[in-house]
Every structure is written in C-alpha cells, then in structure tokens.
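So, here's a batch of structures to check.
Each of the next two complexes has subunit A plus one other chain: subunit B in the first, subunit C in the second.
Up next, the complex of A and B:
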C-alpha cells in the first residue's frame, strides 16, 4: 500500500495531463488544469523551502563555528532585511536599489568569468593532440571571430560563412540532439507511466 | 597519487597495494593532483582546482568499482579522452615529501615564450602555470574588457548587420500599432549585461509604437530585472494603462501550460503594487493570450525557449520572438529554421548591430575591438606554443 498509492496517483495524473493534450473534453481539461495549478503551487512552495533550507544551513555553520562563518552571518542578516523591504514596500525604490547596485554587479561579474574559463579550457585541451580538442579550439576561435559585431561589413563572405555554419552544421547537429532528446523523453515518460521507473519513490525496478 | 580507499594514504601511480595498510588499490576512487594536491575523482580528466591534466586511470584498476557500471565509463567522453592520451607524456614524477614537482623559472624572451607555452603546451610536462603566463592571460582579458569602455569609435555610414538582426527588425515592424505584446524576462542578473541592451531596444520600440506591454517571468529573478530596467528607462508609458507587471510564474512547463487560460486565473495580483489585476484597465482589456499579438521572450538559456514553444507557441500558433544569450542561440537554430520562432537574436553583438541599424548610424566599434583583442590573444598563445613546441622537438631530434 505504501508503494501502490503513490504509483497510482502518478500514473493517473500523467495520463490525465497527456489526454488533455490529445482530446478536447471539458471535464478532462478542468481536471488537468487543477493538477497543473497544484504543480505550480508546489513549485512556488519549493522556493520557500529552499529559503528555509538556506537559513538552516547557515544557522548550522554559525552553531558549529565553521571557518568562514562570517559569510553565514551576512546571509542571515541581509536575507530578512531584503525580504522585509520587498514585502512591506512593494514597488519602492529600496528593493530596486539593492538589486541594481548589489545583486546585479556581483552576478554579472561571476557570469563574465565564464568566457575566461571557456577559453582557458579550450586552450588547455590543445596538448591532448586529440581531434576533438582541436575541433573544440578551432570552433572556439572561428565563432569568436564570427561573433564580432559589424564583421559582416568587412566582407559579405564572412556573413555567408556564418549563415552556412548556422544553417547546416549547427542546425543539423542541433536537430539530431533534439530528436535524440525527444526519443529519450518519450521512453522515460512511458517508463514512468507504466511504473517501471518510480523516481518519486526512489525505487527503480530492473527489467 | 592514488588515495587508498581504506586508510586514505597517498600512494604513487601504478602501485597495486597501499604502502600503509596493504589494501588493494584496485578499489581506489580518488587520486591527488600532482600539482596542487587536491583530491579528484579517479575518473576526472583535469584537476577541478588548478585544471592540471591528470594521469589516466590505471588499467589495473577495476573499473566496475568506480561507477555504477563499467558501461558508464565507456559512455563518458572525458574518460574516453583520458584513455586516449599518449602514455609517454604522462610521466608525473613527484619527489617524496613534496606535493609539487621541481620548477625552475624561465627568464628573458624565451622565458615568456615558455610561460605562454605552459598555458597551452604539454601541461603534464610542466603542470604549473607560471606567474608570467597568468599575468599575460589576465592582462589580455582585462585589456579586452577595457577597450569597449575606453574606445568609442563610431564610423559614419550605415552598418551591415547579421541576418538575425534584420529578421528581428522586420518582426518588430510587423506588430500593429497599439497591439498588445507579452514580454517575458526569463533571465537573471548574471546575464543582465548581455541581454539588457536587447531588452532596452525592444521596450523603446514598443513604447514608440504605442504598444500595450504585459510583462511576466518564469525566472525567479526575472521580474526584479524588468523592474530595474524600467526604472532606468524614461519611457512614455503609464503603469496599468500601457504596461503591467503580471509577475513571476513558477512551475516551468506546468506554469506555461496554465498561461493558455485567462491571465487573471494565473496571476492574482500584479508584481508592482500587489493589487488585484482587475483594478488595472490594461488587465481588463487584455484578459488572455488570444488578445495578444506577439510574445517576446528574453531568455538566458535555450531550454526556457523550448518550453515556451512547446507549451504556448505550438497550441496557439502565436508569433514568438526569442532574444537569447549568445551561448543559447545555436541550440535554437532548428526552431528558427522551421519558423516556429519569428526571429532569433542572440547576445550583445546583435544588440549593438540592432542599435546601429535602427538609428541608421555607424557601429560603436569599441566592443568589436575588445573581442578582436581577445581573439588575437588566444591566437598568439597558440602560435607561440606551437613554435616553441616545434623548436623543442627539433632540438631533441638533433
């Protein structure tokens, strides 16, 4: 019974949602909409749970005198203040100020490092003398050049090369990836609907 | 250095048994980086801390004990690359009691060449990056970042832009004057520098054409992004009449599927003033997606656009424009080629070209020069490395 009820609920929910995509029946649409609303509420609650987990994690850091616990203090002080400002003064400039001058610069700086890491890894892979590494590095260089703003003005040939790359090699490989992912999704869905896979119970039956 | 699974003792590569407890090292799951000593998984190709190339897993190690199955290892491309490494280049000789190999700093021009070659050269021969090499890399990146700020070169004459920019322009022109547009800010602050320019140009265009703009997000920080952007723009739009913040929609696919119903049933209150949507004239006028002429999604990743296409565009056949980060653009090319997306534009370069084409002016070449600088730096490192490597082999041959 401990397993049967969750499996039955998952299978029924899955079939109702899929059926709503395929046939136009009013009561089925209403049932699917109620289920989807439930999923949205759960997703929203997951965010709240994430915040609570963050608070608990940092409380533990402070309680256990972990090195670097001053960072936990910063989170525990700044989080309630930001939440308070956002909820009690909606639409005020204070929240926008925090977001504009604290959150955005920090996150942008971290995001900008991605380019540096990507180039470093591409360069680091070169000594492998491996075909895949050379292709990765060469494509890194080619796309960096093709990405330069206004480079189409230099020569119409460059624009033609970029269009060809996007339409043929990139387009074809992405179509292949999407088809592969779609087939994988169909198989995974069928396994979950037929209860061969039960990710919600943590049990996977071997077949 | 293999880490004994029983007593955690570090043992040299190739050892069969632990020198401390005698346990078999066939079950070892971790190895220490020969450069910095960081413990990495035995399957890792590079040290996650210093990016040093790690030696491949010893053939004597029982691969069945590493992951869930030996088949997992065959499927791992990085593991396959590790196994493909030539053995002659994998001689890590670490002196006893030392975590770093002996290192002598090169001097003069040859020193710089050697330093550069250490970035991309055979890192397993000299695994550590010298200070000069690091300085060169950081200086190059900083220079590339500073050029756009310092150099504002704007040549006269019209700019030729990429095809996607003209596609976006045409798509925007096709929106009737005063029509309703749904704009979704599906990007976080990490991508603000890349996507804000495109978002600004879009909002300015919509404001100039008196379009009614409904703003929402499926990213937890997207609405804060939209609010921040609106606060910096001086647009001739009145909240509630010309534009409205619907709010954040959680639930990914489920949330977007619900969007096919009425907005009022999905968003109870607006994001800005936390008042019921019915209190705003715009919400009373535009009640559902069927009254919207166009959907514009600004997204940092490709998956979000895919969700929008699957859950919203396909059932409604609404025209949809995708403005994404440069890294996401290639993934979405098939959707654009099959016309599920009216336009697909990516990255800051496209924003610069769009701005130049819209205003009929020349392109601000500062950013272009920065990117050229960065590309040249990478090319320089490659050329110097190759020449240095070639001359070394030539000397060894003689």
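Up next, the complex of A and C:
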C-alpha cells in the first residue's frame, strides 16, 4: 500500500496533465487546472523551504567555524536586506536597483571568469602532453581571442570566423546534445508514467 | 434532451501533429515493452557501467561525492530531471554510506532539498547532511564550480544538472561526472574539444538510473529506438527539402 498510493497518484496526475495538453475537454481542463494550481502552491512553499535550508546551511557553517564562513555571513546579511526591500517597496525602483547594480554585475563578472577557469584547467593539463589536453588548450585560446572586446574591428575575418564557429560546429554540437537530452527526458517521463521507474519509492543496487 | 453528453462536440484536439507524435511514441513504447526481442543495440557509454567503481574510488581517495539535482523548480520541465535525480540520490546515498561517508547535495528547489535531506538523514553515516539550496537558477558554469568549492575543495565525482562546461572541466581535473546538459554561449566552444571518457551529458543522465536500479523493469530499448528514429526523420526531412519538397 505504501508503494501503490504514490504510484497511482503519480500515474493519474501525469495522465491528466498530458491529456489536457493534447486534447481540450472541459472537465479534464478543470481537473488539470486544479492540479497545476496545487503545483504552484507547492512551488511557493518550496521557495520558503529552500530559503530556510539555505539559512540553516550557512548558520551551520558559521557555528562550525568552517573555512570560508565569511561567505555565509554575506548571505545571512544580504538575504534579509533583499527580502526587506522586496516586501516593503514592491515594484519600486529600489528592488530594480538591487538587481541592476548588484545581481547583474556579479553574474556578468562570474561569466567573465568562466573562460579563465577553462584556461587554468587547460594549462594544468598541458604537461600531460596528450591530444585531448592540447585540443582543450587550443580551443580555450582560440575562443578567448575571439571574445576580446573590439576584436572585430581589427579584421572582419575574425568576426566571420567567430560567427561561423558558433553557427555551425558549436551550434550543431549544442543541438545534438539538447536533442539527446530531450529524447532522454521523453523516455524517462514514459518510464515514470508507466511506473516502470519509481523514483519516489526508493532504489536498490544492481551491482 | 436525453441528458447524454456529446463527446465529439466537447473534445477538441489542440494540435493534431503533437497528438500524432505522442501516439507514435506511446505505441512504440508499448510494443517494445511487450516484445522483448524488438531492440536496436546501441552501445551505451562505458562510463555508465563504471559509476559504482567511480564512486568507490572517489570514496577510497577521501574525496567527496556531489549531487547537483533539480536545477528548475517543481512544475517546470526540470521535474523529469529531478525525478531521475531521486533515483541516483537513493543509489549514491546507499552506496556512499556503506563505505562510511555521506554525499553532498545541491539543489535549486526547496521541496527537492527537503526530500534530499530526508534521504540523507535515513542513513546512519550522514550525521551532518550537507544539502545546499542554490536558488532557482544557478545558470553559469562558473557559479557551479564556485558552489562545488563551497561544499568541498575538490569533489571527486558529481552527478546532476550542471552545465556541460563544468562537467567537461570537472573530468579534466579528475572529477568524473554526469550532467543533464544545457550550456551557455561563451564556453560553447569547449564542446568542440570534448573527449568524454569520464563524463556523460544529455541522454546519459536519464539512462543512469536504469543501469543502477535493480528494482527497475525499465530497459534502454525505447531510448535506442528514438535515438535512431528521430535523427533519421531529420535526415529524411533534409533530403526532402534538398529535393524541393517543403
């Protein structure tokens, strides 16, 4: 019974939502809307749970005197400030200011660091002198040069190469990857809907 | 008025093509499940079979196991990925705790975090479960790497929805892993240098539970069929376009 009820609930909910997506039947639409409403409410609670988890995780870091606990202090100070601004002045310029001048620059800075992470890894691997390490290093170098601001003004050829690389080889690899992931997701959904796979009931080892 | 409901008048098909595709996949799924011999044998990545060994090796070398699950909230397309993660969460927690350790978990959904916490607390070795809520959209690969370092200086094995770049870089610093995919443009070029021996992306993320769960009746056959059929359909479409049929 402990397994049957979750499996039945998962299968029925899944079928109702998929059926409503494919065909338009009034009573089915009502049922699907109710289920989705429930999911939205659940998602709201998920956010609260997540924030509580984040606070607990960082409190633990500070209490246990772990290295880098200053990062936890930043979270514990900035989180209530942001929540306070968001709840006290909803839709005001203050919250937009926080997003535009704090969050966006930080995200951009992280993005800018990305290539340096890649180059660091590539340089660390170079002494191995294997083909893969050399290819990684070369591709990091090429992409770093191609992304130098204003490089297109040096030669229009560089911009053409960059566009070609992103439009064809990189674009094709990314699409292939996403297609593979989509096939995997479709098959996984069917496995869960048909209860061949029951992630909510636990797992035992095959090996 | 006889009180009967005219089903035909109340039933409207939203998108006939979508319905046809869904019915085809469903038919394929049922027919493959009913006839065990109907199979296209595609060689899965050897790394899928190596997962238990990779976990054991990481634990023996004293490094951490990191699960990075559910990068999208409930009610989004990411929930299928989160469901697959639960399988791996159960498997890894069990295997890691058998060796006296406890995996670290990162997730972007509060309820998934609560489930993960519950799963970890169920194991006697997890006295201080490490479950970190990362916020709803930790998109950048750099952020992922930073998060890894927050949990452990050098995680040895990772499984999750991390971006392809971080998994690729991870395997290069001897951190094998499986990621669901999703990538960002600035480092998209890294895909060209990918030599995934100890990393899996995309479909492999969803396949891993099949190879690990002894209770699962699932087989990779439908996946293999779709892997052949869908690219074939694209090639046929391309040929038709080249021949002037639109």
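Basically, the second predicted complex is superposed on the first by the 135 of 207 C-alpha atoms of A that agree within 3 Å, B and C clash if a C-alpha of one lies under 4 Å from a C-alpha of the other, contacts with A are read in each partner's own complex, and residues count from 1 in each chain.
Please note the rule applied: contacts are C-beta pairs under 8 Å (C-beta built on N, C-alpha and C of every residue); 3 or more make two chains touch, one makes a residue touch a chain.
Since the model is a prediction, treat every value here as computed from it, not as a measurement.
Of the two partner chains placed by superposition, only subunit C is touched by A:136; subunit B is not. Shared-chain residue A:184: touches subunit C; no touch with subunit B. More subunit A residues lie in contact with C than with the other chain of the pair subunit B and subunit C. Within the superposed three-chain model, A:33 lies in touch with subunit B and out of touch with subunit C [touch as defined at top]. When the two complexes are overlaid on their common chain A, residue A:54 makes contact with subunit C while staying clear of subunit B. When the two structures are aligned on the shared chain, A:164 is found in touch with neither subunit B nor subunit C.
Look at A:73: by the touch rule set out above, it reaches neither subunit B nor subunit C.
Of the two partner chains, subunit B is the only one that A:150 touches; subunit C does not reach it. Looking at the shared chain after the overlay, A:89 reaches neither subunit B nor subunit C.
Put simply, subunit A uses residues 36, 39-40, 42-43, 46-47, 107, 110-111, 115, 121-122, 124, 132-133, 140, 147, 166, 170, 174, 177-178 to touch subunit B in one complex and subunit C in the other.
Partner subunit A is touched in their complex by these residues of subunit B: 46, 51, 53, 77, 81, 84-86, 89, 119-124, 137, 141, 145, 159-163, 188-194, 220-221, 224-225, 227-228, 231-232, 249-252, 254-255, 257-258, 261, 271-274, 326, 330-334, 337, 347-350, 352-353, 356, 363, 365, 367-368, 371-372, 374-375, 378-379, 381-382, 385.
Of all residues in subunit A, those touching subunit C in their complex are 18, 21-26, 36, 39-40, 42-43, 45-54, 57, 60, 68, 71, 107, 110-111, 113-115, 117-118, 121-122, 124-125, 132-133, 135-136, 138-140, 142-143, 147, 165-166, 169-170, 173-174, 177-181, 183-192, 194, 196-200, 202-207.
On the side of subunit C, the complex with subunit A involves touching residues 10-15, 18-19, 22, 25-26, 29, 33, 52, 73-75, 77, 80-81, 83-87, 90-91, 94-95, 108-114, 117, 128, 130-133, 135-136, 140-143, 145-146, 150, 164-165, 169, 172-173, 180-195, 201-207, 209-218, 222-223, 226-227, 230-231. Taken in their complex, subunit A has these residues touching subunit B: 33, 36-37, 39-40, 42-44, 46-47, 90-91, 93, 95-96, 99-100, 103-104, 106-108, 110-112, 115-116, 119-124, 126-130, 132-133, 137, 140-141, 144-145, 147-153, 159, 162-163, 166-167, 170-171, 174-175, 177-178.
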